[in-house]
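After this come two complexes, each holding subunit A, first together with subunit B and then together with subunit C.
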Partner chain A sequence: MTQYASASVRETILQILAERKLGPAGEHDPLFSSGLLDSLAATEVLIQLESEYGVDLSDEDFDISRIDTLHSLEEMIEAQPGPRPG
Partner chain B sequence: MADDYNIASGFVSSALRFPEHLFLADSLNSFSYGQMYSQAAQLAGHLSASGRPKRVGILGTRSVEAYAGVLAAAIAGAAYVPLNLKWPPQRIAELLGVLDLDALIVDANGASLLTEAVLASAPAIIVVADKAAPLSPVPGQTITRFGEMDAQPLAQPVPVGPDDLAYIIFTSGTTGTPKGVMISAGSLASYVEESRPWTQLTPDDRLAETCDLTFDLSVHNLFLAAEAGASLHILTPLDMLAPARFLRARDITVWMSVPTLAATMRKAGALKPGIFPHLRLSIFCGEPLPASLAKAWADATVGGRVENIYGPTEGTVICMRHTLTEPPLTTGERGILAIGTPYETMTVAILDAQQKPVPDGLPGEIALSGPQLAQGYLNASPEQDARFCILDGQRWYLTGDLGMRDENGVFHHLGRTDNQVKVKGNRIELEEVEAHLRRACDSDGVAVVAWPLLDGVPQGLVGFCTSALTPEQITDALLTTLPRYMVPEPVHVVATLPVNINGKVDRRALIDRLVHEQAAPATARNLEHTSEGKP
Partner chain C sequence: MKLRPITRDDSALATSLLAEGFPALAETTWKDSVTRIFDYVERRGEHAIGSIVTASRGDLGICLAIPAERHAFAQPPSTIFNLACFYMRPGEEWRTPLVLKRLMAQTTATYLDLTASPVMRELNRKIGFVDQAGGMVIVPLLPAALRPSPHVRIHTLGSAAAAQLDTRLRDLLAAHKALGCVALIVEWQAALHPVILAPGRRKGVAGARVILAPSRALLRDAAGALARHLLARGYLFMDFDGDSKDGFPPSLFWTRSPPVQVLGAHDAETIDLTFSELVFIPPAGLLNGA
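Let's turn to the complex of A and B:
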């Protein structure tokens, strides 16, 4: 089993996909820009990034396009200092 | 040329003047005026292969294909009809069945909605983005990729008269079907003429596009930017969640959005003083604009102007405007900005229930008259048509908005006269959602209320019904016929619905129930899940 730095937010995304009967997503599949998931789902992801991973969403350098794939999320969280739940 | 109302003329003359200048940038690509012109001319040629098309559907938004579709339809002399990607395929198929389109332009996201049923109701000519997955046309239909078109380009916009249709944009409707508002080329020309002096766009302006093509604020940005040679910068749905960074990264000079978007940014701490040094003009529309939010936004710019604008789709985008002043001119105790004064060409009246003008200072229904009035609704029922009426020999549109004119002649917005609400910029008629809920729960006992309210502004919908089904089954059924933003969440299955003295469902009592539930400690756990702000 791969240990993901983004394990808990990844689980959230896969759970939302399952709830909406959308099936699993590949590492590089665009989740939001493709219209697969909506802004409500994105908000859930953002709240989790902020509360669990300490990502500062109001930071001018925060690049929101990086939450668009599981791969870029993992990259972003790996580069993030601080606690890693999950 | 003065008699030609082709709505693409401004774009084409800019493309000839500034072919190298940036026209459109989305998240991945940039397109110059020249590139967009050749794409649109090619597509216009394809659409005109068997004569001038009348109506062209756009199943797409926030993409180069969608914008090329709008401009191509315009060059070819057709009305464009944007279709909302948030609508379920069933609703799109129904609309296609009545729209009588000559062609349909589809971007990559739109292509995923081309189910068999949608294709069966779609017109004979379909053009799809190169990236779309393979599609099977029905007999008599041709599906062409953007990259495959080989028709002779149509470079010169065809002559259009003032009464020819420019576009049809859909709004919410009471019967469970959206209403198609038909705007003529003459109305749009009048709108652009009146909007030019106060926006004063130049080729150096960089406009942020926060709206889908199905929202008519996009009409303002597209046609004013195109005639000025300015550039449009399209926010992706993700950019919409963190717009401050987008604004800074693109050096945006002109911003337009619903106030909710600004409120989200303010809550996230993004509206720091002076953070938007390039922003010279900020325009808010579609919802009440709290004065404190307008001021916080103005402070985030460096000497930028803030405008609150008002108008229904039926009056061509907007027809009233108010510039933020110091101190702000607010509407009574509501803390929201005035909606200002009408465009010079438009007449605005405040009418009582008998359609007689009320004196200044008293509330009544806002009514509009003038060259920006829509031709009417597509395939309208008599009830819908009654919103357009003749009073004293003049044609008026009754907005359904409550308003008041103060002693200085400035207008104020006081809410909706009926149960039409705005939730996050989407206009929703509660009766429409109830009509769908009634079908979904297989019961007559239904009610939908706008809830919760934040500063009196609805943030969502809550449904109530008497039904043998579970809330989950009902929600699933609703999602097949309504876009997600119109589906109440949650849907409560109840034993009985409260009724008022006339025996009608009492929405007020339902809202009171929600107020009590929110205050009760038993629901504290639920509130945790909607926590706001930073940990």
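Let's turn to the complex of A and C:
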């Protein structure tokens, strides 16, 4: 079974999709830029990235487009130094 | 995605983005508002009135951040930023939370949002803003004017009472009077208090919103005297954010208006919305979208 570094935030996204009856998203499906998820969902994801994964959102180099697909999110979290939620 | 400070050189671009995001106001009105905010900010020795959100493909949005010092009731004085007129172009709205996080990087400041749309209110709450009050108390002035206000006197800036006020408070009142507000000195409980109201409208009816008052208790006790003063100047209601209309003259309690949302230190007892969008931008443009 695949072990995702982004398991916790991935769960949040899938839960939001389920709550809104939007069905599962593919690894490369745009979640936000396509309008599938809105700014409130983006807020949930960003807060989780900051609080659980230590992502510095005030860093000008942080590229928000990297949260747009589950695949790019996984890549970003893999590259993030420091502890991850178990 | 980057945030670029809006300086005087960006006035035309800022005006254009604001007119695009908030078409209820004409571009010329936005131009005037932007000019007024720059004039004020530059008098403070600062140069930026917010940020334009940019990316390699162009400008994505705008947010005004109007700085102000709170000194009328706050000791020591504190700095606040009124986040006003937040607009992201269609398709870019999902970047809103990151833009807000970047805008609010100055962690020691307090941030205010006075006119958030329902979506923006929810988003603000998620990132830590709190609603300062549960709704708006709207006091129709005609019945209120019949109510006595014992031991309350209203003084204007030109009166002898004004000379007894601290110079900074007098300057604060004068600056708002020059911006079109009603600036008063209210004698209440044997002391002089600054009170400022900004002109507004509800359903086409002219009224005035309280943007500076030491407490809602003063507004309750002085409601009759304030009503008589405001009625004589063409205002038909007075409103302010609060949790209850209890104790006021017959009033409405309106929960659908945008709440005053605050992030950072604040005193919910006082009302201080001075030098905010409420004095720089005509009411029709005052709704922040997300």
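Just so it is clear, the second predicted complex is superposed on the first by the 85 of 86 C-alpha atoms of A that agree within 3 Å, B and C clash if a C-alpha of one lies under 4 Å from a C-alpha of the other, contacts with A are read in each partner's own complex, and residues count from 1 in each chain.
Following the convention adopted for this analysis, a residue touches a chain if its C-beta (ideal position, glycine included) is under 8 Å from a C-beta of that chain, and two chains touch if they have at least 3 such contacts.
Bear in mind the structure is a predicted one, so any value in this text is a computation, not a measurement.
In the superposition on chain A, A:D63 contacts both subunit B and subunit C. Touch criterion not met for A:Q15: it reaches neither subunit B nor subunit C. Using the contact criterion defined above for the overlaid structures, shared-chain residue A:S51 touches subunit B, although it does not reach subunit C. In the superposed model, A:D38 makes contact with both subunit B and subunit C.
In the superposition on chain A, the residues of subunit A touched by subunit B in one structure and by subunit C in the other are 32-33, 35, 38-40, 42-43, 46-47, 50, 57-58, 60, 62-64. Contacts from subunit B toward subunit A in the complex involve residues 27, 85, 109, 112, 236-242, 244-245, 248, 268-270, 275, 484, 531, 534-535. Across the complex, subunit C meets subunit A through its residues 1-2, 91, 93-98, 101-102, 105, 119, 122-123, 126-127, 290. Across the interface of their complex, subunit C is touched by residues 32-33, 35, 37-44, 46-47, 50, 57-58, 60, 62-64 of subunit A.
Within the complex formed with subunit B, the residues of subunit A that make contact are 32-35, 38-40, 42-43, 46-47, 50-51, 57-58, 60-65, 67-68.
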